[in-house]
Amino acid sequence: MSTVQEERLAAQAGGGAQIWVRQLWPWVVAAILAILAPTVFSSGHDIHMLSSMGIMVVFALSYNMLLGNTGLLSFGHAVYFGLGAYIAMHALRYTNDAVLDGTGYGIPIELIPLIGGIAGLGFGIIFGAVSTRRAGVVFAMISLGIVGLVEASSLAFTGFFGGEAGLFGDREDVNSLFGIEYSRSISVYYLVVAWAFIAAVAMFVLRKTPLGWMANAVRDNPERAQFVGYNTQMVRFLQFCLSAFFAGIAGGLFVLVEEIVTDEAVGFLLSGEVLLAAYIGGIGFFLGPVIGAILVVYLESNLSAISDAWLLYFGVLFIGVVMFAPMGLVGIAFQQWMNFRSGGWRGTLLARGYCTAAALVALLGFICIVEMSYHYLRSWNPSQPMTLFITDVNVTTATPWLISIAIFAAGLGALLFHAKPMLRRAADTAGGQQ
Amino acid sequence: MSTQNALSLSGVTKNFGKAEIIRGVDLDIRENERHVIIGPNGAGKSTLFNLISGRMDVTAGEIKLFGNSISGMSPHKVNRMGLSRSFQVTNLFPNMTTLQNLKCALLWDMKHRYAFWKLVNRQHAVTEKAEQLMEQLNLVHRRDVPAGLLTYAEQRALEIGTTIGSGAKVLLLDEPTAGMSRTEADEVVELIRQVTRDCTLVMVEHDLGVVFNLADRISVLVYGEVIACDTPEAVRANAAVQEAYLGTEVH
Amino acid sequence: MLETIVFSLLNGLLYGMLLFMLSSGLTLIFGMMGVLNFAHASFYMLGAYFAYTMGLYTGFWVALFLAPILVGALGALVERWGLRHVHQHGHVPELLFTFGLAYVIEELVRLFYGTIPMDYRMPDSLNFPLFSLFGTNYPAFRVFVLVIAVLMFIGLFILLKKTRAGLIIQGSLSRPDMVSALGHNVPQVFMWVFAFGTALAALGGVVGGIHFVTEPGMAFMMGPIVFVVVVLGGLGSIPGALIASMIIGILQTFVLSVDFSIAHIGLWFGYAVPPDHFFATLFYLDSTRIAPVLPFLILVLTLIFRPRGIMGKREA
Amino acid sequence: MLATNDVHAYYGKSHVLRGVTMNVQAGEIVSLVGRNGVGRSTLCKSVMGLVAPVGEVRFKDRPINGKQPHQIAHLGLGYVPEDRAIFPGLTVIENLELGVKKRGKFGRWTFEEIYKWFPRLRERATFPGEVLSGGEQQMLTMARTLMGDPQCIIVDEPTEGLAPKIVQEIADLLQQIAKEGIAVLLVEQKLSIAMKISNRVYVMGEGKVVFDGTPQELQDNPEVRKEWLEV
């Protein structure tokens, strides 16, 4: 889908230099944003969050090589992230020991993510060989089995995985290729950015290679792909291995940022998280998983401080995307943009604004209800007033509940029974005039 | 015309559960001939194609392509040995454009295989050949339209294009004119005649006008058995064929 | 030794029966709608929590009936207003929908009940030793669980094989389009099957919540294992689910109760694996530590070597 | 009895039916003929609600487009699909039982009556559907549809892949069914059969009806036969 669009844009652009400008500017913008971000988000917490975003972006992009590009739904992608992280951690510890003993140079810290990537690739080859023989639901279930297997093993083999406590390393007793001191989190952030860029560009370019094309072909019509000479299993397997490689790089970066790795890194939860991130962002677009990853990490590190219910919001957001916007947030934005460009917004601007406003009102009501529920059910003293947006309310009285429910119902009712029909009518008349 | 057999079937049988769909077919198709298989609906023509192209496994018997056995081989291997097929129901990559569909069909044959270290769009030879094909198919004006949005006839033409694109020496076409009017069908037949100049064609067809016009030889498949295999004139004159197939038509 | 074996067998049987209660509903849903319902174990959890809450007011016996009905009704709503809507987009969004649902249900349970385990106990009327073996008492409640599971299996079997509704369900397993063209309301049948399946899971939860612990992590504990059972048994096959439940239940209980490692095999032949051997950790790995790995190993091996499972007619 | 007016249908993105208008009256056999891929099966599915049609479909003078397949079936429309769609694991009796729309509510066709018409099915009553021969499966599908007491049946290529003797049996059966006052819409590839047993014939091409008339009229119209049918 997006490949088609990109091709067409490239075709429209014509001249060679213009194509490069058109293709390069998003990368330049992204690079500038990434480099300048720490000047705005400068606290220690923020820098850590930015680093996590970079890691998650690589991880989600690698995940989308499977789901979006090849049509393979995996529930266990954290395996390659986590195992990559563990091997990278062992490499880091080996380096720490070597540096502390003064016995050797160890592995330069900048290359440790690569160790993670190679480890991810290795495990990708092993597990990919058994799981990519099939696609669809069977593949999904095998991935589920493998993540269960690895997570359960991580507690059994304490020597390698360090048991429940996990493994520690540090980034002070290491050597750097460029003589950079990585004890400060800002330097690690820039290392993450550098690696994230290398990985993202590589994954972007991969989509345009024969393998990348055939991955799309196998996703859309495996039968036809076979009849133009391709072994669909081989295409899936290669995509899987490469995807595991990039997941491993993300795992290696994780080790450098966190300096600890536990069994969570190979587990179900992280596998689910990367799936959520990629899907919410939009699996049909290269940018989708990037936006999804940034959003998920942001919510995780900031919303969790503001609201206890953040996981609930997260789940509801996900279900909402699955039900109403299967193309994800970037997909919606792209659709609206195309619609806008082709003049589809003309005459419907008012109705569109109304729809958005109604939806926001419903969302406000929903948040009020959830927040009050949490306060009522989870706090030690429910009658203590709670701050809800701008007002203090006492949730043991009926009034705030009634108001919240009324806001929610009004918003939802207006959206479903008034705004949406209005938008449809407006679109019809606008379409009729054209 | 050489007399070597491009494709030879001996005793090919296919059962689905208890039902025998193909009941021991023997068939030799010579190199560079245009061979058409006709027969009433449900005679097993599509099944026969599925067996030859590796989409289904034979229950018994053997299929040889240029003397090498291909029975039981997976479709991509059969394809790499030089056999390609089209489908009765259009079977393309719907989200890719016309050009992209053709490029996909060319990649393997032009030795790009599973490469992930080079860009498709930089392979100018591929693009060039795809453009040529597109011209042959008369689809140049639809270059950047996703295949799913082409008209029916255009999709059928593209289907034939993808089939010949993979550089096959033997082409199986399954009802390429299905669902078309006579005029459209004639155009497609002309296209087929052009693109199969130096390769072997095996085709299933319903339209007898097309068949007699195009075929070097005709096989008649009835109820899972080949009851006749000869030149168009001989088939037309064959009493058994008249009885079993043409006999059911209006006179 | 005999004592260990007998008790392991009994407990394994019990665990297997509980697994069957969960998996029978899922295998029906999966076989019929092709939906790998990730939230199935969440309905099991809801069964336990609902039964606990109701039990505070009505007592255990009423809750035993009411909780599954309530959860079944919830399941019907989920199917009608959620899954049916997603169905048109294909299987992957369906899978993702139930995945998100599992997330949300767990969070809602945390919201309403908190993270600490509930004090959900068996009723006094079942709290007595039924018989004793090798001087150890066997509680009546466990036998009660066995009885419920057996009754459920018989009920399911009769429903599927002997009733018209069962006929329609079986028909829909293979050709839903044709069943609807013959005049049966297939979407409604789907809804009922989904509701029924979730109600069965909830029934499992009502007794499982007592046997294990009622806490928000219980769905996550059981979820993957239920998949293993369904896949091993074969999609859509109730007898297969029963056999697979028994295999997994007994196997896991045995592995947990027997102290064994690969090094023991060496000892039988008079060979002691040196502790500094390269694979020593593997050889001396305690069987109790392997137990959690086993179901997943079975899942992966089944899917690779026999995707139809034990009794399944078609592949996943 | 059954009528369509300017019906369009789409499979994914391809426009299969491009405005079909036709009708079938009680007690008559109407055949749809035409080359493969002109949309005859799609028309059947659109009428039955299995494919969403655009345009007007009326049954017994009531619009039925947009209704669910089971609602359409309950109005008295029966469908015998091309691929037969028997339930492989269920026995012949169970297959027939599923044809009954409400428990124990038989109309014109009871088990006894069906067995009288299809004696082979009585012999096979307890066999699972999957072991029947092609001809028997076709009989079973037709019998199963009759169990629902339809006033109109749509039969899609009933003779496909069957031996000539069984083809003749099925043709006879269809004629008898029509004598019972049931409207029959028949999709048939074998033109000779269609010509022999139909009261009227529609020739389809390019997703439209390009000819309608009696078999005799089609017989006398070589241009239509040449352009839209074989030979």
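Order as written gives the chain letters A, B, C and D; numbering starts at 1 within each chain.
Going forward, contacts are C-beta pairs under 8 Å (C-beta built on N, C-alpha and C of every residue); 3 or more make two chains touch, one makes a residue touch a chain.
A quick note: this is a predicted structure, and the numbers were derived from the prediction, not measured.
From subunit B, what is the lowest number of touch steps before subunit C is reached?
The distance in steps between these two chains is 2.
In the touch network of chains, how many steps separate subunit C from subunit D on the shortest route?
Counted as steps through touching chains, the separation is 1.
Out of B-D and A-C, which chain pair has the most contact pairs?
Of the two interfaces, B-D and A-C, more C-beta pairs touch across A-C.
Would you mind checking which chain's C-alpha centre is most distant from the centre of subunit D?
Centroid comparison gives A as the farthest chain from subunit D.
Could you state the distance in Å from the CA-based centre of subunit A to that of subunit C?
So the centre of subunit A lies 31 Å away from the centre of subunit C.
At what distance in angstrom does the C-alpha mean of subunit B lie from that of subunit A?
44
Using Cα averages as centroids, what's the distance between subunit A and subunit D in whole Å?
About 52 Å, centre to centre.
Check each residue of subunit D and list the ones that touch at least two other chains.
Where subunit D is concerned, no single residue meets two or more other chains.
Identify every two-chain combination in which the chains touch.
Between chains, contact exists in these pairs: A-B, A-C, B-D, C-D.
Where on subunit D does subunit C make contact in their complex?
Contact set of subunit D toward subunit C: 48, 50, 68-70, 73-74, 79, 81, 85, 87-90, 94, 97-99, 101, 103, 144-145, 148.
Within the complex, which stretch of subunit A touches subunit C?
Answer in residue numbers: 73, 130, 133-134, 136-138, 140-142, 144-146, 148-149, 152-153, 155-159, 268, 272, 275-276, 279, 309, 311-312, 314-316, 318-319, 322-323, 326, 373-374, 377-378.
Would you pull the subunit D residues touching subunit B in the complex into a rising list?
12-15, 35-39, 130-131, 133-134, 157, 159-163, 189-193, 195, 205-207, 218-219, 225-231
Touching subunit A in the complex: which residues of subunit C?
So the residues of subunit C touching subunit A come out as 34, 36, 82, 85-86, 89, 91-93, 95-97, 99-101, 103-104, 107-108, 111-112, 114, 220, 224, 227-228, 231, 281, 285, 289-290, 292-293, 295-297, 299-300, 303-304, 307, 315-316.
Quick one: in the complex, what on subunit A touches subunit B?
Those in contact with subunit B are residues 1, 3-4, 7-8, 11, 205-206, 208-214, 216-217, 220-221, 223-232, 234-235, 238, 242.
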